[in-house]
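Note that chain A is present in both complexes that follow, paired respectively with chain B and with chain C.
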Partner chain A sequence: MTPTVAQKVPVRSQPPGKAKRRRTVVAPHRRDNRTAYLMIAPMVILLGIFVIWPLIYSVYLSTFEISFYQEPVFVGLDFYRYVLESPEFWHSIVIGLYYALLTVPTTIVMALLLASFIKSLSRRAAAFMKTTVYLPAVVSTVVASVLFVFIYQDEGVGNWLLGMLSVGPVNWLNDPHVALPAIAVPGIWLGFGVTTLILLAGLLDIPENYYEQAQLDGAGPFQRMFYITIPLLKNVLLYLFVTGFTLAIQMFDLPLIMTGGGPVEATNTPNLYIFNSFRDLTPYATSFSLTASLLLFVVIGAISVVVFRLIRSDKAVDG
Partner chain B sequence: MRKRHSTLCVAVSAVLVAAIAGCGSGGDEAPTAGGKTVVTFWQQQFEDYQQAWFKKQVTAFNASQDKITVQVQVVPGDTWAQKIKAAQAAGKAPDVATTNYGNIPAAVANGEVAELDGLMPAESFTDIKENVQSFVTIKGKHYGYPMLVEPSTVLYYRTDLVKAAGLDPDSPPKSWADLTQWATKLNQGKVKGMTIASAAPDLGWSSWGLQYNACGRLPVADDWSKSTATEFCFAQVLDFYKGLYQGGLMPKQPKVGYADGAPYGQGEVAMMAGGSWVVGQLKNDYPAMIAKTAVAPFPSIDGDQTKTTATLGGWTLTIDAKSKAKEQAAAFIQWLLAGDPAIMADFFKASGYSKYTVRTSVDKALVDNPDASADPFMKIISEKVVPYGKAEPAYPWDISLAFGTAIESAMKGSTDVPGALKKADSTINDVIKKQKLAGTAPTR
Partner chain C sequence: MTPRVLRPTANALLIVLISVTIMFPLAWMAIAGFKGRTEVLRSPFQFFPDMWSFDNYSRILQDPEFMRAMGITFVGALIFTALSLAVNSLAAYAFARLEFRGKRFWWVYCITPMFIPMMAIMLTSFMVVTKLNMLNTLAVLIIPGVASGAQMFFIRQFYLGFPVAVEEAAMIDGASRWQIFLRLFLPQSAAPFVVMGIASYLAYWNAYVWPVLTITDPNLTQIMQFLGTFRSTRGNDWGMLMAGSTLASVPTIFLLLIFQRFIVNGVRISGIK
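Then we have the complex of A and B:
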């Protein structure tokens, strides 16, 4: 029998007292803990300075009507009541949710279909497609907004295409019923590339023999999609849904540039609503927008919890 | 172990507090550079010629004496609010800032601006025209020095298209009904009959004149105790806008906001409701349009052109209440706005006479200027619009926005006119209640 490495290395016996003392000074798990604490310390300190402390201080400030020239007036939780009673605040949350519903599922479904298509391509064609699909992700939101404003003009490409079908013209950005879906289009376009690449990575992680076995058992493309692909992409989809929803609800720059929150507040997303509230120069506006931001933080957290609950996260088996 | 952690937390907190406190610390002396007191001046970005004019005058002021140096910074309008708030929070607000008339009462109530009476000579204030005095005065004290007034709403129309439509360009529409009739006749092909504001943030302020016109008041009681938005006359304002929009007489997807006269300059509309500043834009950017353009007071609800159709907006220079160089800042304002009338006469010349004077002495300086006296636009606006203009409201913007949203809702069919006014009424009353506005209307 060949001796193992451990058996080859002679074990030096040590005086019992010395060994005991060494174990008392730094136990191995303590040493590991210390290293771990040291490694996370920079991030914790930065988080403390730039996130936790400002958050705590913001909660404290939200109990005052803040003035930069006079003594702040303590008002307790009045501003929380004002925000929660504000129909405009809740309307903006509804707009944010509606925008998320328009963009997130659409983006994921389209990206999943495209990722499946790219997976089936040759290596060279897949590389070309991946680059092409990712391109919108590097376009600035401001540029995309301006581009789509031109597309949506009365005589823009959008109405020109509809004109070929003898439909329209449509007031894309000035009709309260159409404006938000019109803004969702560039939103989907901008997020589509990254989502596709993430899903493609998830798809490539699924062992090919699962599909081969299923095919031998007579499973068609849809059955393979619903019984193999989607269950094994559950964690990836969860990530995309949670990050997609939280980002979509907070959408700010597209409505700011394309519609300013109008028409008739139809695109007034929560962040835009808070931003516009802040622009009023009164002390009331400062405190109101601060409190609304804190409550939006709570609302987005609650929505994330709901999404986690709806899509129960499991570790992929043998993934 | 727990104790060590607590100690660490306390230490870190102490360091943070000290660091944050250190950021805000500063001496009581005004900053100096090269032996001169530095006065910071934030100018909100306006038309290009204004930036050039301010820069030229600041350079001239700095060269005219050796005790003060003014540092001017141009701030875009859409970032002004957040930038000024951030500066105020950090105790680094500019010594001098451009402030519009409507914001002065709230700034005074909040203690943001310094009283100018003790800082500038009394005769500087007696030179201000009577109808403008109240714009910068709270309880008899001056808190800003006015620079100009500009009516928010004037009617511009294309004389060539008017003639082609069989209308008389020398007899412009006087009532809202006349205007709708003109817009209908001028609505030809790709050229729309007219353009007017159609988005709530624009409607919030540009409709003040028409609110006064229809009701003689704004949709709030004089003492700011309650909303009056459901009065019938306000429904007439909404119906007027709704008729123009839903009748297809104006662009349904305007490319620019109300303040921008580009659609008229580019020939996309035959008539335009616009501020007097558009005269300057036309002269500078669309000179070919001047020869075929006429201006008139904006039509009145019943044709009576002595009723208000425009508010008189405009800008002042104010001094920050926490400024450490108040006297030096006041000296700069005195030199620029209240001193030699030729300086402000030069400004009005640069504006293409699209803005109007606030000082008697500047009027006198312009009398002998042939360009000013011969300008057809200036004559009509200064004689037929400015005298009937009213001050912008001093109440919070939320109230104006609520009414602007009501007009937009009616225009775009989100709700009917009574429903839109009911919602505006509820929002305005909510603003009054939460911002504790009842009884706080400023006394001039």
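Then we have the complex of A and C:
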């Protein structure tokens, strides 16, 4: 079986303009319980030891008051109540959501445009761009944060550029309205490369004749984008939205180094809030931050389920 | 309009514009490595140093600890990447193609870790690896992160789009599920494997908190741990940090140059049937 055979299989005769695709029917065979269990076993076991068990243990620990000076005391769900009643916790969730809203759609739209551009390039130019877009990802978050702190200085590059447009200067990291968008910029810069490569790989996979036929039918670039590209990229887009969101809401290092959560808590993301309450070293800091991070998990999980449902609802992605 | 002339020119302009925007901060990092200890921080912002000094770069290159950290991290990252692709793609295939009892449950089980904040299990994971006597081994850096819900999810999305008919033909010819996975799916997985492999490699390479928690043996010091020393014990030596970060990014850039070619036309990835 060679790739050439595989390429012939897609339902070619379908009108490309219509995004409707036939649902794949998973090959009809007897259940393969044994094979399947063997195949997922390594993953299931590793996750069990290093993720699921620690998670269960964390939940158990969160019902105790842990302090360095005395034996743990069972307190039941007290800490959950403390966290849920704390306005700072909810505020940090809002900040996290706002940050995700600033970064995820921007990254995906920009990456999609850039990927389309790279696709249209010659082989050599494309090779150059594929490497270039990924370069920011090799910089660690720490270095990126420091870098952008300099860019955002009062007399830094940011204000110098604005000065050329005769606007500003802007107090980037000290203005509560600007600080979070200012932090989103390095966030986008860091995550942009991998998104572009993923989308590029997805784009390259769309059979060229879909576009040719659409063009014959008189479809413009926008119609091609919305009726061919986006529907056919649904599998990839679902992945990008879910992982982009979970990573974004957990953003931690950038605000830690760039603003420390200020000004007036405007960049206090959930993980930063949890980290700071841990650093407080109040007697219950450990229990409190543990419980808060477990509740953050619940929030992320719930929102992700919604995203899955939304994108899945029209049966474009199916197993 | 004369698209034959206009297009390449416009493209070239766009390429230059995009690469300059993307690379400006990187260039700044590399150049900051030539600056003195205090010069990096100076306001107003200055791109080039007053005097080019090779001090930082030569000091780091002569530091045996740096080379050792680079080497051990590189080896660890390669093993980590290979293992995680193996473990996750196998599970991805099972979830994309096989029907088995409890599939929904195991799917949720494998995908949930994506949503667990690091902070929620940091303490207890540390307790687990301590119990397993894994502290100060290469294994503690590699094994706990190998299974990744996100990576499995990505590869599964790709396998979902793989034409079923080819597989059916192979089954009629008597191929087992394992053979199908090894002979049909793996050879066509170059693009998703490269995309995910680079991500795994970078996740390992840039890890900081976990190595700091679990590694105290200087022979196993990871590269980010090493770079971190410029920020704490030796005081904030920004020039050194920038020079070190620049040098540390070299192996990764080489890998990128080698592997980018696998993301090309004709590799199935997005799920078109």
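As a convention for this text, the second predicted complex is superposed on the first by the 267 of 319 C-alpha atoms of A that agree within 3 Å, B and C clash if a C-alpha of one lies under 4 Å from a C-alpha of the other, contacts with A are read in each partner's own complex, and residues count from 1 in each chain.
Keep this in mind: contacts are C-beta pairs under 8 Å (C-beta built on N, C-alpha and C of every residue); 3 or more make two chains touch, one makes a residue touch a chain.
Bear in mind the structure is a predicted one, so any value in this text is a computation, not a measurement.
Asks: I'd like to know which partner A:Trp53 touches here: chain B for first, chain C for second, both or neither.
Replies: A:Trp53 sits against chain B and chain C alike.
Asks: So which one touches more of the residues on chain A, chain B or chain C?
Replies: Of chain B and chain C, the partner in contact with more residues of chain A is C.
Asks: With both complexes overlaid on chain A, does A:Gln250 touch chain B (first), chain C (second), both or neither?
Replies: Touch status of A:Gln250: second partner only.
Asks: Now for A:Asp154: first (chain B), second (chain C), both, or neither, which partner does it touch?
Replies: After superposition on chain A, A:Asp154 lies in contact with both partners, chain B and chain C.
Asks: So, A:Arg279: does it touch chain B (first), chain C (second), both, or neither?
Replies: first
Asks: Should A:Asn174 be classified as contacting the first partner (chain B), the second (chain C), both, or neither?
Replies: In the superposed model, A:Asn174 contacts chain B only, not chain C.
Asks: Applying the document's definition of touch, where does A:Val146 land relative to chain B and chain C: first, second, both, or neither?
Replies: After superposition on chain A, A:Val146 lies in contact with chain C alone.
Asks: Given the touch rule stated above, what does A:Ile300 touch, chain B (first), chain C (second), both, or neither?
Replies: In the superposition, A:Ile300 contacts chain C only.
Asks: Considering each complex separately, which residues of chain A are in contact with chain B in the first and with chain C in the second?
Replies: 49, 53, 153-154, 278, 286
Asks: Sort out for me which residues of chain C touch chain A in the complex.
Replies: Touch residues, chain C against chain A: 11, 14-15, 18-19, 22-23, 25-26, 28-29, 41, 43-45, 86-88, 90-91, 93-101, 103, 106, 109-110, 112-121, 123-125, 127-129, 143-147, 149-150, 152-154, 156-158, 160-171, 176-178, 181, 183-184, 188, 191-192, 195, 198-199, 202, 206, 208, 224, 227-228, 231, 238, 241-242, 245, 249, 252-253, 256-257, 260-261, 263-273.
Asks: Considering the complex alone, what residue numbers of chain A touch chain C?
Replies: 1, 3, 5-7, 9-11, 21-22, 24-27, 29, 31-33, 35-37, 39-40, 42-44, 46-47, 49-55, 57-58, 61, 114, 117, 120-121, 125, 127-144, 146-148, 150-151, 153-157, 160, 189, 192, 194, 197-198, 200-207, 232-236, 238-239, 242-243, 246, 250, 270-271, 274-275, 278, 286, 289-290, 293-294, 296-297, 300-301, 304, 317-319
Asks: Spell out the part of chain A that touches chain B in their complex, as residue ranges.
Replies: It is residues 45, 48-49, 53, 67-70, 82, 86, 152-154, 171-176, 260, 262-265, 278-286 of chain A that touch chain B.
Asks: Which of the residues in chain B end up touching chain A in this complex?
Replies: Per the stated touch rule, the residues are 12, 16, 81-82, 84-85, 88-89, 91, 103, 106-107, 110-112, 198-201, 251-255, 321-322, 396-398, 405, 408-409, 412, 414, 430, 434-435.
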